[in-house]
Amino acid sequence: MRPSQRRPDQLRAVMITRNFTCHAEGSVLVEFGATRVLCTASVEDTVPPFLRGRGQGWLTAEYGMLPRATHTRSAREAAKGKQSGRTQEIQRLIGRSLRAVVDLSALGERQIVIDCDVLQADGGTRTAAITGACVAVHDAFRKLVTEGKLPYSPLREFVAAVSVGMFQGVPVLDLDYAEDSGCDTDMNVVMTGAGGFVEVQGTAEGATFSRAELNALLELAESGIRRLVEAQKAAIDRN
Amino acid sequence: MRPSQRRPDQLRAVMITRNFTCHAEGSVLVEFGATRVLCTASVEDTVPPFLRGRGQGWLTAEYGMLPRATHTRSAREAAKGKQSGRTQEIQRLIGRSLRAVVDLSALGERQIVIDCDVLQADGGTRTAAITGACVAVHDAFRKLVTEGKLPYSPLREFVAAVSVGMFQGVPVLDLDYAEDSGCDTDMNVVMTGAGGFVEVQGTAEGATFSRAELNALLELAESGIRRLVEAQKAAIDRN
Amino acid sequence: MRPSQRRPDQLRAVMITRNFTCHAEGSVLVEFGATRVLCTASVEDTVPPFLRGRGQGWLTAEYGMLPRATHTRSAREAAKGKQSGRTQEIQRLIGRSLRAVVDLSALGERQIVIDCDVLQADGGTRTAAITGACVAVHDAFRKLVTEGKLPYSPLREFVAAVSVGMFQGVPVLDLDYAEDSGCDTDMNVVMTGAGGFVEVQGTAEGATFSRAELNALLELAESGIRRLVEAQKAAIDRN
Amino acid sequence: MRPSQRRPDQLRAVMITRNFTCHAEGSVLVEFGATRVLCTASVEDTVPPFLRGRGQGWLTAEYGMLPRATHTRSAREAAKGKQSGRTQEIQRLIGRSLRAVVDLSALGERQIVIDCDVLQADGGTRTAAITGACVAVHDAFRKLVTEGKLPYSPLREFVAAVSVGMFQGVPVLDLDYAEDSGCDTDMNVVMTGAGGFVEVQGTAEGATFSRAELNALLELAESGIRRLVEAQKAAIDRN
Amino acid sequence: MRPSQRRPDQLRAVMITRNFTCHAEGSVLVEFGATRVLCTASVEDTVPPFLRGRGQGWLTAEYGMLPRATHTRSAREAAKGKQSGRTQEIQRLIGRSLRAVVDLSALGERQIVIDCDVLQADGGTRTAAITGACVAVHDAFRKLVTEGKLPYSPLREFVAAVSVGMFQGVPVLDLDYAEDSGCDTDMNVVMTGAGGFVEVQGTAEGATFSRAELNALLELAESGIRRLVEAQKAAIDRN
Amino acid sequence: MRPSQRRPDQLRAVMITRNFTCHAEGSVLVEFGATRVLCTASVEDTVPPFLRGRGQGWLTAEYGMLPRATHTRSAREAAKGKQSGRTQEIQRLIGRSLRAVVDLSALGERQIVIDCDVLQADGGTRTAAITGACVAVHDAFRKLVTEGKLPYSPLREFVAAVSVGMFQGVPVLDLDYAEDSGCDTDMNVVMTGAGGFVEVQGTAEGATFSRAELNALLELAESGIRRLVEAQKAAIDRN
């Protein structure tokens, strides 16, 4: 049915590799099937001007795609001299999603900068990025606690994300590139480990969607995110 | 209860003034209370390179805010030399929303460029912009039909948008600036006149939201959009 | 004679609407016939770096044109990433013209930022902008006085502007777009209410102009500006 | 009286050195006292898109200032990534001034690009630039005629420019930097060899100016430009 | 002696992993110790304008560093809106080095775009990039040959690069970050498999260097590059 | 043999004109045959942020080419909005070369900004720029000493640069444009007056080069630079 041969409610193989690179306080390679995103969390000892002297921290995110992460090469944004609207939309979404689960007051006057760079793209790069970034932020906070800079981790809950869509009339989970191109409705859902919604972004492609379809998609997303949070926890428990 | 004294399910006064400026093929001033957006639709006889020679049209949108549309002056994007991430996010949303109700094949090799410029901002500028742009596009198409350039209008349905949010635990409709700042959840919903969803974008601010809250917000939005489509039709019937 | 059927020394209908938008300290819609410019004056409590600590104020201006203010759509400067040479020339002119009538020492360490945005263009946008901006600045100063922040208004005189040109050998006043395109000489004149020249910018288009022609044009401009200053005063007297 | 000890109607020493550099079709170093501008005219065999296939030519100009042409170093525009408003205003003026004396139809589908680069600045760089550029254009046209590419030179007349100003109540000619800083009114005048005005740009600095002052300044400018045109002709006659 | 405990003439462990990502025609992860660079070679069916219709190909390179490839986070070039001088210098070097060993005529009207993106930096990123890019280009050409698009590979020779430097008076090979910071002279050498020099770039840091030192450094570089070319060949022979 | 008719080891005529412009602390026009570069050294009383409060100075360089310094006009970098990779590479080289001979501690918290602007190009602009800049820096330092701001000049040695190349199998010195285009190997060498190497940058064009060729080129460069340093000294001794 699905180009990927998966069942409608089946995630792709999820791999979360911690400490993928050595310099960042948190560094995670997250894989949703063939989609691979390197997520790093960097701790900086200053906050943006609008927060200075207010005793609280900040978290922001940037997103990029290597030029040949895609089927055909896309122009390098650094060479073009600007980030596309799509890039900005995604990095704003990643930042909001992580801020929703971080206690910024407990962080003190520090900034966490998340960088999500897509090494290989096959659909779902933004949902993989949020899922991986959460683990990178967890690791960066653990390091601050270990070094005695924070009494406890400001990460209140896990957060993860997945895409869902209507493919030939059937709600399907975790779309790869081929499925995404053939979908009528495409939705990205971000939820916490406790089951609260952080973001719901549904877009009609071609046909509009009904309340019933929306409900079916949200249910599918909830079940997928539960499994992604388990994968996050398993990765963290591994050492 | 609400800072605006409105009932939870009450829209602000909606005004749709057609032919607000004289050069554009469609030109509409839309007002949602104190929010005022000038929406123009321009017809161009060329399409972007990726569509040339394929016999179909395109529709794209740009969004801007006059520097002093807001409480304190914001820097002019033309002077800063780039559009913010927020601006790009909004103009991409407007474009997708309108393309969802336009038959691009019936348009021929033409491009519709929508410009939504906020003259005065009091919350909900993007939903007002979508609602006004639909009427501007309608008028531009009517002009093409009147001039004999198209046999019928490629506008398949009306489309309108409204914001909803959880304000102190109560779902409320059509947030103004003061309410938006005090909301826990903020959602923008775009629907067609026939009741199909085009876009659903919900964001947790502070606390996450539950399925029950989401459902309540969607119901409120549906009822609001039905009334906005009536306002669009009334404006069009006026001449 | 004139495409507009006006007498050579006849201004277009001038309309000055104060408080056109609600947030700015001064907000004026000025209309010279079909040319409509929204002029706002914003009061900021800081001055540019080169003036800090010197106890005096500053006034600067920015100018923009909505993409479809013109017959055919012009590209949005914010999207192109830079302001054109024409835009910069005009905003520098507006700033100089207003600074000529403002007592910057009496203003204290504050900056007035004028924004002139053309909603609809039919020739003479820069002269309308100067004429409207003067009223907006007046209103912003009155507000500072009313709030007790200034003992008296730093506006020393009114300032207004008009275009004149040689049309088929005849000096004509206040050119609209059609007349401007057909003119041999095009001149913009800025004067104070007391009759002093602030700016005189004459440009030969096609043929050069003589001293006699220059004199005739200046006389026409003087008479036009006298009437514009009356219109400014009448607008202010209206409430 | 004048900081420069010159009589009110005295020009600075004017030097026009042709063939100052070897590659350009016209290359002139023009000196007005300590102000030194290198003006080159380049012939290109294409015209801008808006003129293609119309059988006529175009002329455009660019202006720049070496970073240390001035008393204190100014930032390099190429490093800042944009040209200032002042630069754009000046290069637009140079282009208009030269186009006023060139028969663009007689030029054929060619473009003349004028580059005026200030090696040393002491006031009046734009007027020196126009005066020097005219000779560079003359030389480029002579080359086209000599090579048999044009039957006659499309330069219809000479054009030159000078600044005038009110210095302590006295109209003075050809302001250097010290005088310019101390002037109440500053005017740049561009005229043809035949005595027609091409541009008149007068600006009040501090006090406004009267018709009588304007007249006195224009007379002074006319006499100065007559002498500058003589200097242009003498330079051309030298070989 | 060396911070890395290596002998003066010892390379770091070199790893060359082919097919690291799946979309590019050639995709190689190259590791020089802790330095890791992803090098992809993309085949495009067009050439830059200056080569169109001349029946030959082109090869160009771009270089980037992920923001947290380094000890402390560096700003993302795409977000800053421009590539640094260092980035441009490196990507120009990579392009020249590879063009030196590619028969551009044999390539036909195609362009090879090399992207070298540093995932983790510990000194020598540009030399690792050249060494890895050569294998990526080899693989892309093999693919063109396998698909019957080219009769033989246009890669004439291997090319590899290494850094050498004077560390506390001793010439050392393949500097890591700590050694690079402590070096008096830093030299990057690019050579072909046949032993010809492609680039020699030596820079004095602190003290200048003598001919004798230069000679010692070049000898060291030659022996290192011989071993790197062996590593390239071994990687290619592995499948 | 050589297009220029020079012997293989013959420099072009070298001219060093001091005080070429009047505002800069050091201002030198350097000519290598038809190549003419204006080099100014400006003294600024601040240092870049990364050096503040550390009691030492800095030196940086910028490079530019007038649009018509070349055979055909090149686009103005200020108008294009960015400096090319080539420009950045050259200005970084000039800065490094001069910093190698300046005692930055002895300079105090001051910055020297070197501007090298090419008025006319005929090959070797970067080597001429370094050679001229050294004299400009010398003059700026002499001025600081004369004014009592420094006890002695922080210029420790002279530095000069020359290009060498393999032209039809023969090593030749100081390439002009025609020779540069026909060279197989092109090398730029920067040396101090005491004979130490500062930079060696050799690039294969077409064929690679051998150790023997490299040695011959370096010898030629050494002899050329000795003569350039003599020319620098002679220029300084002239007054």
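Every chain is named by a letter (A, B, C, D, E and F) in the order it is written, and numbering of its residues begins at 1.
We take it that a contact is a pair of C-beta atoms (placed from the backbone, for glycine too) under 8 Å apart; a residue touches a chain by one contact, two chains touch by 3 or more.
Nothing here was measured: the structure is a model prediction, and the numbers come from that model.
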Joint neighbours of subunit E and subunit B, given as chain labels: A
Greatest separation from subunit C - chain, by CA centre: E
Between subunit C and its twin subunit E, rotation from the CA superposition, multiple of 5 degrees: 180
Euclidean distance of C-alpha centroids - subunit B vs subunit C, Å: 33
Chain centre separation in whole Å, for subunit E relative to subunit D (CA means): 51
Chain centre separation (subunit A, subunit D; CA means) in Å: 59
Residue list for subunit C, restricted to those that touch at least two other chains: 81-82
Ordered ring members, subunit C first, subunit D second: C, D, F, E, A, B
Complex contact set, residues of subunit C against subunit B: 21-24, 27, 34, 36, 38, 40, 42, 44, 62, 64, 66-73, 76-79, 81-83, 87, 113, 115, 117, 119-121
Subunit C - residues contacting subunit D, complex: 82, 85-86, 88-89, 91-92, 96, 100, 187, 191-192, 194-204, 207-211, 214, 218
